[in-house]
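So, here's a batch of structures to check.
Two complexes are shown next, each including chain A; its partner changes from chain B in the first to chain C in the second.
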Partner chain A sequence: MKKRRMSYIVLALFLCLSLVLAACGGKEKATNGSGTKDIAQDNNETGNQVTIEVLNISQYADTPEYKAFVERFEEKYPDIKVETISVPHEQYINKRNIMLASGEKVDLIWGNGIYQYDAINKGFLMPIEEVAQEIGVDMTTDFGSSFKPEKDGHYYYFPIQQNNWMLYYNKKVFDDAGVDYPDPYEPLTWEEVADIAERLTQTVDGQKVYGYFYNHWGMYYYGYGSQLTDGKFYTDDLLSNIDDPEFKRSMEWLYDVMNNRGAAMPISQYISNNTDFLSYWNGGFGMVVGAQWYTQLAATKKSEFPRDWKFGIAPMPVPQEMKGKHMNWSSIDSLAVPKNSEHPKEALLFAKEYVSDYTLSTGALPMYNKIDANQYYEDIAEQLKDDDITLEQIIYLFGGDPDVINVAEKPVLAAPQEYESIFLDQIIIYYTGQDELDPVLSSIKDKVDRAILEQKDR
Partner chain B sequence: MKILRTIVFSLVGLIFVTPLIWMLSTSFKYENQVFEKPFVLVHWDDINFGNYRYLLTESPVLTWLSNSLIVVVVSVLCRLLFAAVTGYAFGYLRFRYANTIFLIYLAALFIPYQLSLLPQFIAFRYIGFLDTLWALIVPNIVDILSIFLMRQFFLTFPRDFIHAAYMEGSGVVRSFVRIALPLAQSPMLTLGILSFFMIWDQYYQPLIFLKSPEMFTLPLGIHSFQTQFGHEYAKQMALACIAIVPVLITFLILQKRFVESIVTAGIKG
Partner chain C sequence: MVETKKRRASNSHSLERAERRMGLIFAIPSFIGYSLFVALPMLFVFVLSVFKIDLMSNTITFQGMSYFDKLLHDDDFWKAFANTFKYLVIYVPLTLLLGLVMALILHSRVYLRGMIRAFFIIPYITTYIATLVVWNVFLHPTEGPVNSLLMSWGLNPPHYMVDTRWALPVLAVIGSWKDVGFHCLLFLAALQGVPRDLYEASSIDGANGLARFRHVTLPLISPTSFFLLLITIIGGLQAFYQMALLTKGGPAFSTTTLTYHIYRTAFEYYDFSYASAVGVILFLITLVLVLINWFGQKKWVFYQ
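Then we have the complex of A and B:
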């Protein structure tokens, strides 16, 4: 009797253990009936079908639109199976670096300008112009004349979209303050923005409404200087140019708006409140300079971000010297093929479909100029008609103006990650009044230069 | 006096409970209401159930939950067993060079985890652990701090008990299983609960070693609601509310034993 009970216990334990072991295995093991196949082999080819691994941030990879796109892609190209590795943005670079440095096979990686240049400098990426030719993409012409080779005459990434920056404004805040809306085509100067922001700043129902909203991102501090220097973030010998007088002027402008005029949230409050770009959308701010993300919130995520106010759009503000010109901070998000990719051609085919199919569904306009942009403009205009935004405005501000002047949104050529993080860490010292701007910029330059030289040595 | 004490305790309790209340409140809000001023606890006229609806219908949150449970349960059980056996060897048996070997163990504590990630990643690829829960379980089994605590416990363990067992004819294994292990319940329970919370919260390991969303654990799932430009706090809080349930249940069930074990055994081991 005792022996039998023991047998039952052993059997039950064995069953539990088997269940746990089965659950702990990867999905490859779980779906593989034979159980004899090596896991590394199992990942890839089954007959003629190839599997491409795509590393993307969860913001894109986890959306129903992306999943639907992958299904459409696999239907259209039954010989290609797509496995997406979705990574939270916060740790994307760490994961990417570990995977690529360890020799893990990845076929396509997402990145913004900083990330991709960082990958090029680390030697992770392969030139793609020849493979692109094989799938009918000419890198020299299909992304517009302003798209140039990234390094040594080679193209290393496949552009998904270029940011289109503009001035967003909250019509209710303007109405409450009795201020006229900005002109839809004539850009304000930064000085005019500061004046208007001051007039918009008031207390409504006990709540402070700030006339100007900014994000704690580099371009909100140095972007005005980028317009003045044509995006010259580096000296001729490729060291930091952040102490250029025009960048200094740019940072002093925001200091004036924030600390002298009180028309933007103090930076200490901004950080302690966990403020981020979504905060603008809660209605307590007058104006913000932003790219197409706010439009995307309004167009494709209406139910998640309900509003009781209307927004308007106008061209991005410009320095007095550039008055009347339509300017944009240019930054390109892209897909790139790592050197250890086993299927670069299939990966680029996926990239081509990605821009032609998926990017449009997110409310952004791809740079790939063989797609029908008119349909995109009409769709966005239809989605924004409740905000009284016209099709002409959409075309003008969302990439349809051939005369727009693009300047670099941020430094990307050398040690871009370090440049940005050192800058953001240090600039707080100036905006919180702990030190003057000159010594802060000098300290930033020293640190960034050291990072650039260290990378060069490596 | 009693009333004053109650008020003070209630206020202190409120401080600890406030983040949980904020978390619960935020989980029923829209993203643009998260940092609204003035703070509104509940928008009774427009409660947003969309975050929970999204999590339960469009995201694999239940899979993440079950993955987390599997990882934590298997890891804790294996860790306890390993720590008890190793601690017994180092603390009670004290074999030759035990102290030297133990020092080497301790030295491993000073190696930053990030340094071992790349070699671990490569090793796991070769043995096929990548993108499996084993990549999370196996490194959790050997925990130097747990071994240290169990060793400290067995250092002060009454030797007479084991000697008596030897006299009765028990060997090392039998005396460990029948005498030492039952008497080590208190430190093991403390260790088990602490390990449970520690492993439940692990984020970096799943981030690096897992690829497929269906293998993700909850902390990784929570972070996936972070965009390039900011956080989707409302969804994150809704997921955190779901994630906290097993932890709360575990703590509530074991609360009495946990407090007792700390009082009797202490975290000193």
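Then we have the complex of A and C:
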């Protein structure tokens, strides 16, 4: 009897432990997105087939275009199987950090400029120039002369596309206000944008229409200053330069548009409304500065963003001092290989096909210059013909103007994640009128400088 | 006869042993779960706070007390520390007082008691995220009912979630509103456990309603009050949801409490060791507050 009881205890213990270990032992590769592959087999390799893990944002990875591309890729390279981990953009950086910090194996990670520099600074990424050579990509020449290696002489990311910023405007709002459309080639100055935004702002059928739309992203506050300083977000000793008078001027410009002229949504409403960067396409705004992704994500997708109005495009506004010049906030989205990748060569092969095949199919022009850009421009022009946008405009604004002046879109060289996060947290104080700009900028600089120095120490 | 008694005693002992054994068996899953998901991670936080671990390169370096030293000189830590206590100062008394008042209402012969009880409990059983969405709409700076009403009276109301003076108190009130239903339930159970004859005796002695409440009710529900005080303090120190979902610790760090500071340091700035050091400090603060209350209870908690 006693023995039997003991055996029950041992059996119960064994069952419990088995359950717990089974629950903990499974390597999770579940995805957050809806459409991508869910659980990968623990054993990645069967025979000679190699499985690569690709971490991407769900805004890309959950699209039919991406899935079709992965199928084409696996057909073309039957020895490579692709497992995509899809994460919504707003959760992406946390997920990426946790995965990389916990040593989870990933072979390729998507990132914008801030994300990839953040990963470089944290030592997450491997240099890729030698592996790229093996798949026939020359990092020094295949992405144009403006693409440079990092300070240590290495290339850490495989560029997908460079953002091309422009002014989008709602023609109906302009018509309703009796205001002329902006010139398609001659950029407005920021002062002109402020005046026009004020004239466009009105209440139509009880609904407020704002002349200017902005996102709660750094460049909408300091981007004008970046044009004035040639993107000098850091001092020569690599500390924050955000208190530079030109950045201050930039932020005062938006304050004037928002709080004095009432031509942009007050920031407290923007935050409380959970306003999204795609909210512009609701139609209640006159102008917005946006990159080519507005065309990819919304303008050409009328089923998702239905509208009864046409939009137009014009060059990005510039400071008075730069009048007549075509300027752009430069930021590169890219794919990078983490240090612990087991299949860097296959990952880069996927990256090469990604830019050559998938990126092009989404309406973005890859930086990889072995692509025929003309077809890309023609496709965009065809998609936007209902909005009366011409092929010449597309070429001029979507990356075909060789004379465009690129300045940094955001600070990326040191503690970029902290820089942006601290800036956005603190700047609200100024725009809600709780403090003057000087002390706010001084506080931002102090905090960012500390973050930079701490990161250097680490 | 003696033989039978002995046999009965032996049977009763073996039954007791069997029950104890079965009790242990039933406790095993919970014990394993607790060890794996609570005790071990807690232990790991202590380890992590004195080591720098880089899982990408599989390196581990002993740092001693350097993270704690850094913490003492970190303005953000002290601001988060101050915010946490500001939150506690509002959240703890408000939750306890409201919970008690609500329980007293339910304990009295109020009309529609069942409906009021359900009304009081709803916030507690509703998902936090859903309630926060409602609060966000409720406190919308221009279109929310609160500010619409205030503006209709010609006032210039604050924009609660982006105002450094208002954001934290508002989050504390939201936290209190969310948790008060639980406090109400426990207070109600305690009130129902107070013997009626004590009220009758005190009435005969000439005690009025207030005196009965002060000298009979409060002492007899003091064990529950003590328990609730402890869990409210612990809950207040761990406040996180409102900050994460409504303000993201802002504006200008004004709603960054220690828990949100830990989250941001670990998962935004990727400094797990430093975040662990802050976690250890939070643990010590909690421990100290609990111990103060534990030893202080002798003066005001009355066990029957």
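General remarks:
FYI, the second predicted complex is superposed on the first by the 411 of 458 C-alpha atoms of A that agree within 3 Å, B and C clash if a C-alpha of one lies under 4 Å from a C-alpha of the other, contacts with A are read in each partner's own complex, and residues count from 1 in each chain.
Here is the rule we use: a residue touches a chain if its C-beta (ideal position, glycine included) is under 8 Å from a C-beta of that chain, and two chains touch if they have at least 3 such contacts.
These numbers were taken from a predicted model, which means no experiment stands behind them.
Of the two partner chains, chain C is the only one touched by A:Gly123; chain B is not.
When the shared chain is aligned, chain B comes close enough to touch A:Val87, but chain C does not.
In the overlay built on the shared chain, the residue A:Pro184 is in contact with neither chain B nor chain C. By the touch criterion defined above, A:Ala451 lies against chain C but remains apart from chain B after alignment on the C-alpha atoms of chain A. Once the two complexes are overlaid on the shared chain, A:Gly262 sits clear of chain B and of chain C alike.
Legend: residue contacts after superposition of the two complexes on their common chain; A:Gly144 is shown touching neither chain B nor chain C. Using the contact criterion defined above for the overlaid structures, shared-chain residue A:Ala101 touches chain B and also reaches chain C. Shared contact residues on chain A (touching chain B in one structure, chain C in the other): 20, 24, 94, 98, 101-103, 273-274. By the touch criterion given at the top, residues 30-38, 50, 58-59, 66-67, 70, 74, 117-118, 121-122, 125, 128, 130-134, 137, 204, 207-208, 211-215, 220, 223-231, 233 of chain B touch chain A in their complex. Interface residues of chain A, counted against chain C in their complex, comprise 5, 8-9, 12-13, 16-17, 19-20, 24, 93-94, 97-98, 100-103, 122-124, 266-269, 271-274, 338-340, 417-418, 421, 424-426, 428-429, 432, 434, 440, 443, 447, 451, 458. Chain contact summary for the complex, chain C toward chain A: residues 18, 21, 24-25, 28-29, 32-33, 36, 52, 54-58, 76, 136, 139-142, 144, 159, 161-164, 248-253, 264, 267-272.
Within the complex formed with chain B, the chain A residues making contact are 20, 23-29, 38-40, 53, 57-59, 62, 64, 83, 85-91, 94-95, 98-99, 101-104, 112, 206-207, 215, 273-279, 281-284, 293, 303-307.
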